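For reference, chains read A, B, C, D, E, F, G and H in written order, and residue numbers begin at 1 within each chain.
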Amino acid sequence: VTTRVAVIMGSDSDLAQLEGCFQTLTEFEVPFEARVLSAHRTPQQAIEFAREAKGRGIQVLIAAAGGAAHLAGTLAAHSLLPVIGIPIDSTSFNGLDALLSTVQMPPGIPVATVAVGKLGATNAALLAIQMMSLADEALYARLETYRAKLQAAVEAKDQAVFSKYGRRP
Amino acid sequence: VTTRVAVIMGSDSDLAQLEGCFQTLTEFEVPFEARVLSAHRTPQQAIEFAREAKGRGIQVLIAAAGGAAHLAGTLAAHSLLPVIGIPIDSTSFNGLDALLSTVQMPPGIPVATVAVGKLGATNAALLAIQMMSLADEALYARLETYRAKLQAAVEAKDQAVFSKYGRRP
Amino acid sequence: VTTRVAVIMGSDSDLAQLEGCFQTLTEFEVPFEARVLSAHRTPQQAIEFAREAKGRGIQVLIAAAGGAAHLAGTLAAHSLLPVIGIPIDSTSFNGLDALLSTVQMPPGIPVATVAVGKLGATNAALLAIQMMSLADEALYARLETYRAKLQAAVEAKDQAVFSKYGRRP
Amino acid sequence: VTTRVAVIMGSDSDLAQLEGCFQTLTEFEVPFEARVLSAHRTPQQAIEFAREAKGRGIQVLIAAAGGAAHLAGTLAAHSLLPVIGIPIDSTSFNGLDALLSTVQMPPGIPVATVAVGKLGATNAALLAIQMMSLADEALYARLETYRAKLQAAVEAKDQAVFSKYGRRP
Amino acid sequence: VTTRVAVIMGSDSDLAQLEGCFQTLTEFEVPFEARVLSAHRTPQQAIEFAREAKGRGIQVLIAAAGGAAHLAGTLAAHSLLPVIGIPIDSTSFNGLDALLSTVQMPPGIPVATVAVGKLGATNAALLAIQMMSLADEALYARLETYRAKLQAAVEAKDQAVFSKYGRRP
Amino acid sequence: VTTRVAVIMGSDSDLAQLEGCFQTLTEFEVPFEARVLSAHRTPQQAIEFAREAKGRGIQVLIAAAGGAAHLAGTLAAHSLLPVIGIPIDSTSFNGLDALLSTVQMPPGIPVATVAVGKLGATNAALLAIQMMSLADEALYARLETYRAKLQAAVEAKDQAVFSKYGRRP
Amino acid sequence: VTTRVAVIMGSDSDLAQLEGCFQTLTEFEVPFEARVLSAHRTPQQAIEFAREAKGRGIQVLIAAAGGAAHLAGTLAAHSLLPVIGIPIDSTSFNGLDALLSTVQMPPGIPVATVAVGKLGATNAALLAIQMMSLADEALYARLETYRAKLQAAVEAKDQAVFSKYGRRP
Amino acid sequence: VTTRVAVIMGSDSDLAQLEGCFQTLTEFEVPFEARVLSAHRTPQQAIEFAREAKGRGIQVLIAAAGGAAHLAGTLAAHSLLPVIGIPIDSTSFNGLDALLSTVQMPPGIPVATVAVGKLGATNAALLAIQMMSLADEALYARLETYRAKLQAAVEAKDQAVFSKYGRRP
C-alpha cells in the first residue's frame, strides 16, 4: 500500500494530541505514515522527506509542532504538495506561539493551518481527505457518511439535553 | 469555462486585500469567480452557494472575512469541499479576532487557515492550486515554475543588497 | 407552558458551565428549553430553530459556544429576536477565541455578549429576564427581589470578613 | 415624546464613533437622548441618571466608554433596565481594555456587550430595538424591513463584485 | 485605634490572595480594616465608604477585584484619598481583564495599580505604608528594617544556592 | 524652593507624553524637577538619584519609560519613597511591554503603576499630590477644587451633547 | 578552576526551571557558579557582581527572572559581557511579562533572550557555550558531538513512532 | 578582509529596520556582509550559507525576519555558530508573531533574540560584538568607548531637559 498522507511531528511528545488525526485517517482507510522529524534537530531528514514525498506517492503532508513551530513551513519550503499545519500547545503560551509561527507564512509558501492541538488534529486529517477527494469519489462518499454521522451524534446529544433540561419549569 | 475556485468575501471592503489572490489565480489560468456573500447579512445565499458549489464544478472555496469571521466556517458547515479561510484585518484588533474565528473550528468541520490579510490572500490561491494539482499535472508544473521564479526574485534581491551593503567595511 | 427563552449550546460539553443559567431562569420561573445545536455540525437545525423561534413564542435566544464560536452569530443571522452570546472557555486560548468570535459582529447583526463561562451564564439569564421585563412587571418585580438578595448576600460576607479581619491590629 | 433609549458616553471624544448608533435610532424613529456622564468624573450624575431612568420611561441604557470602561457597569449597578455596553477604542490597547472592562461583569449584574467602536455602535442601537420590539410589533416590523434592506445592499455589492471580478479568466 | 488603611475586596473569594496584604500591615502595626464591598452588587455601600473614609481618619484605600474590576475606580471616583488597586486573577483571562480594568483610568481619577494577585497584595500594603511614611518617620524606620530583612533573606538564599550549585564542575 | 516631586524619564523622546504631568504639578504649585535618567544607559546616575532623593527633600518619584521599562523598578529598588510608574507606548507592542515591565514587581518592592502614556502622565501627578496631601491640607483643598472643575467640565460637555443630540427625534 | 559562566536567578523559586541549564554546562565541562541576586531586593549585590564579573574571568552572564524581569537588563547595564536572559513563567501571565521585560531592551544595552522557562534554560547554556566556542575549539568540538547526539535521539524516536504508527492501515 | 558577521534578512523590505545594525558594525570596524536569504523562498541558499559560514571565517550570524519568522531558527539548525534573531514588525500583529517564532526555540537549538525592529537591530550588532570581544580585547575596548558615549549622550539630554523643565514652579 502506498502512503498517501504523512503525519510528521516535531517531537514524540506531540503524539498524545495527534490520536484524533490517526483515528480519522484510519477510519477513512487512508494509508498514512507517522514520523518524528524536527525542523531544528533533524532538519536534513525533514527536508529530504519533503523533497521525496511526491515521488513516493504521498499527496498531503501534515505537520504538528509547538513553540517556534517551523516544521510545517520547512516542509512547505521544500515541497509543492499541500502542507497542513497543526499548532501544538506545548509551551507556556498555550499554543499562541505555535499558531502564529505556523499560520503567518510569507506570500508564496502557504501552510493550511488548523486549530491548536486536539481540535486541529482531527481536522487536519479531514482536510487532507477533502483535498484528496477532489479526485477520489470514494473518499468523497466517505466524507458524506462521516458528516451525516457527525450530525446524528449532535442530534442525539440534543435529544438527551432537551429531555433532561428542556422545557422548564 | 467552468469556475474551479470561488473567492467569497464577507464585505466588498475586503476587496483591496484580495488582489494577490485574484492575480495568482489568473496567473495560473484557474477559472474563478469572486462573490460577496455574508454569513450574517445574506446567510441563505452563502449557504446555497456552498451547497451548490460542488454540483457546479467548483473544487475549492476561499473565504475572506474580518471581525467575527464566520464566513469560512459557514461555508464549511454546508459543503464537503475544502474551504480556505483568509482572516481580514478590519477591526481594532488587527485581525486577531478574524484569525481565531477562522482557525479555531471544532472537530469535524475543518477550515484551512492562511495568514491575515494580503499575506494570506496570495497563499490562499496557491493553496487552492496545490490542492487541485493533486490531480492536475499541468497545474503542478505551473507551481514548479512559480516557485522557481519566486526563488529567482529573492536571489536578485540578495545580489542587490549584497552589492550595496555586503562586505563592509 | 410556552417556552420563553431557549438556551442553545454548541456542544453538550458546555453544559457544566451553564448551570447558573438554568438555575436563574428556574428561580425566575421563566419557562425555557435547553438544546444542543451546532452552527457547524447541525447548521440546518440551528437555522430552523432560529427561524421558528418567534413563531413558537420564544422571546430571547441564549447561545453558548467555545473556540470559533459562531453559534450566537448564526442564530442572529436567521432571527430578529435578541440573541445573547456566552463565550465558553473550551480551547487552549482560555475563551479569548470564543469572546472575539461572539462579540465582534458586523454592523446589522448584533449579539449581546456576556462574560466568558460561568460568570456569563448567570448573567445571560438575567439579561434575558431584563429584556422580557420591559413588558412584564411581574418579572421586573422579581428582578428587584433578586438584586436585593444579591446585595444582602454581599453585606453578610462583608460582616463576616470584617469580624474576622477588620480593625487590626 | 418620551425618551425610550439613553445613549450615554463617558467622554464627548467618543461621539465620533457613535454616529451609527444615533442614525439607527433615528431611522427606527426611536426617541432617544444623548448624554455625557462619566463613571469617574461625574459619578453621582451617572448614578442618578441610572436610578431615575425607568421612572422617566426609558427602557434601555446604552453606554459607550474607553480605557477602564466602567460606565456600562456603573449604570447596570444602579438600574434594573438592560444595559448595552459599547467598548471604545481610545487608548494604546486598541479597545481590548474597554472590551474586557465592559464584558467581564460579575454574576448578578449583566452588561450586553457589543463590538468595539463603530461596529458596535450601530449594533447597540439595533439590540436596544430588538429588546423593545418584544412588546412593540411596529418596531419589529421595522426590523424586518431593515434586515431586508441590509440583505439587498449586500446582494447589490455581490452583483457589482461578480461583474467586475467574477468568472475569470 | 483609628483605622488608617482600608482593604476592600469585591468578593470574599478574593480573600486567599490578600493574606500577604494583611500580614504586612499587621507586621508594620498599621491599624486596618478589611471589608467586602462590591462596585456592582453593593455600590451604594462602596460609595458611602469612599466618601466617609477621610472623615473616619482613613488615609489610604486598597481595593482588590477581579474580572471587570471596577472597585478601585469606583472608590477613586468618590474619594480624594490615594487608592491602590490589586487586580485579582479570578476569570479565564488570568487577571489581564482585572489589570486593564484597574490601571487604564481616565485622566483626573488615578488608581495606583500593583501586580496581579498575591504579588500585588503584599506590595499594596507596602505602597500604602510608603505613602503614610511621608509624614510618619516611625513608619519610615520600619520600612528600612523591612527592606534590610528582605535583602538578608535573598542573601541567605544566595548562599544556599551557591553552596549547592555554585562553582561547578 | 525644595523639589517635592521628581519626574524621571528614561529617554527624552518620552517628553511629549509627559506634558500633562508637568502641567498638573504646576497647576497644583508643586515644585518638581524633570530628569532624563536611564536604568540601562546611565544606571549609576539613576541609582544615586534614587538614594539621595529623600535627603534632598523629595517625597515622590515619578518614572516614565517604554519597552523593557525598568526605570521605575530600579528607582524603587534604591529608595523607600513611593515610586509611580508611567508605562510609555514607544515600541511596536503599544505599551503592553512597558505596562507589564512596570506593574509586575516582586513582593517587597512596589511600583504604583498608572495608565499607559498621556492618560497616565496626568494621573501620576495627581497620585503624587494625593500622597503628599495626606499631610498637607492645602494640597488636599486644591484636590477638591480640581475635582470640582473636572466635574464641571464634564457637565458642560453633557449639556453641549444633550443640546445637539439629545431628545431625538 | 575559574568560573566561566555565572547563572544568576532573581529568586530561588526559579531553580526548578534551571536544571537543564546546570546539566548542560556540566555536560560541557564548563565551570559555572549559580547565584541568587535580585535586581530589586539585592540590587547592589547584583550590580557589583556584574561589574566584577569580567575581572574574575567570567565570560558570559545568564540571568533568569520572572514577572517584571529586570535582572538580565540590570546586569547588562553594569557589564559589557554578553548577557543571556531566561524569562521565567512565575506569574499569572504565563511568562509573557518576563519575556517582554527581558527582550524589549533599548538600543545600546542588548540582552540575548531565549525561550520562556525550561525550554530556554537549556538553550541559555548552549548559547553561552557557542559564544565561548568562538575562541575555544575544544568547546566547539563538544558542540558538534552534542548536536550529533541530539539528532540521533530524534532519529531513534522517529523509528519508534514509525514502527508503532507508520504505514497504516 | 574576512567577513566576521553576516546580517541576513528574509526580505529586502526588512532593510529599513536594519540601518542601526549596519551603522553599529561599521562604527566598530567589524567586517560584515548583508544578505537576503529566505527560509521559505530560498531555503537551500540559506542552509548552504549557514553550513559554510564557519569555514569562511564568519563568527556570528544575525537574522532578521517578520511574520512566521523561521530564518534565525533555520540558520541555527544548520550551524553551530551563535545566531542572533531580530523579529521584524511586518504584519498586522506588530511583530508579536515574529518575536514568538524567533524566541520560542526548542531545547538544543538556541537563538539569541533581541527586541522587535529598530530597537533590536542596533542591539543585535552590539551583541555580536560582545560575543566576539570575548577573544578580542580591541573590540572590548571599543565597547567601553561606545558605552561611555552612550552614557554621555543621555547625560547631555538630562541637562537639556533639566534646564527646560527642571525645578518648577
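Following the convention adopted for this analysis, contacts are C-beta pairs under 8 Å (C-beta built on N, C-alpha and C of every residue); 3 or more make two chains touch, one makes a residue touch a chain.
Note that the coordinates shown come from a computational prediction; the quantities given were computed from them, not determined experimentally.
Trainee: Could you classify the chain F-chain H contact as same or different, where same means more than half of all interface residue numbers appear on both copies?
Mentor: Comparing the two copies, chain F and chain H contact each other through largely different residue numbers, since under half are shared.
Trainee: Among all chains, whose Cα centre is located farthest from the one for chain G?
Mentor: Chain D.
Trainee: What rotation angle takes the CA atoms of chain B onto those of chain G? Round to the nearest 5 degrees.
Mentor: C-alpha superposition angle, chain B on chain G: 180 degrees.
Trainee: Pick the pair from A-B, F-G or A-H whose contact list overlaps the E-F contact list by over half.
Mentor: A-B
Trainee: Please report how many Å separate the Cα centroid of chain C from that of chain E, as a whole number.
Mentor: Inter-chain centre distance comes to 34 Å.
Trainee: How many angstrom lie between the centres of chain D and chain G, each centre taken as the mean Cα position?
Mentor: Averaging C-alpha atoms per chain gives centres 51 Å apart.
Trainee: If you average the CA atoms of chain C and of chain D, how many Å lie between those two points?
Mentor: 19
Trainee: Which parts of chain E, given as residue numbers and ranges, touch two or more other chains?
Mentor: Only 11, 38, 41, 67-68, 91, 93-94, 96, 103-106, 108-109, 111, 115-116, 119, 150 qualify.
Trainee: Which chains touch, pair by pair?
Mentor: Those chain pairs which touch are A-B, A-C, A-G, A-H, B-C, B-D, B-H, C-D, C-E, D-E, D-F, E-F, E-G, F-G, F-H, G-H.
Trainee: Using the touch rule from the top, collect the residues of chain A that touch chain C in their complex.
Mentor: Its residues touching chain C are 89, 94-96, 115-117, 119, 150-151, 153-155, 157-158, 160-162, 164-169.
Trainee: Using the touch definition from the top, list the residues of chain H that touch chain B in their complex.
Mentor: 1, 3, 7, 9, 11-12, 15, 22, 25-26, 29, 31-38, 41-42, 45, 67-68, 91-94
Trainee: Can you list the chain F residues touching chain G in their complex?
Mentor: 10-11, 38-41, 43, 47, 67-70, 73-74, 76-78, 91, 93, 96-97, 100-106, 108-109, 111
Trainee: Could you pull out which chain H residues touch chain G in their complex?
Mentor: Going through chain H, the ones touching chain G are 20, 59-60, 80-82, 84, 99, 103-116, 118-119, 122-124, 126-127, 130-135, 140, 143-144, 146-147, 150.
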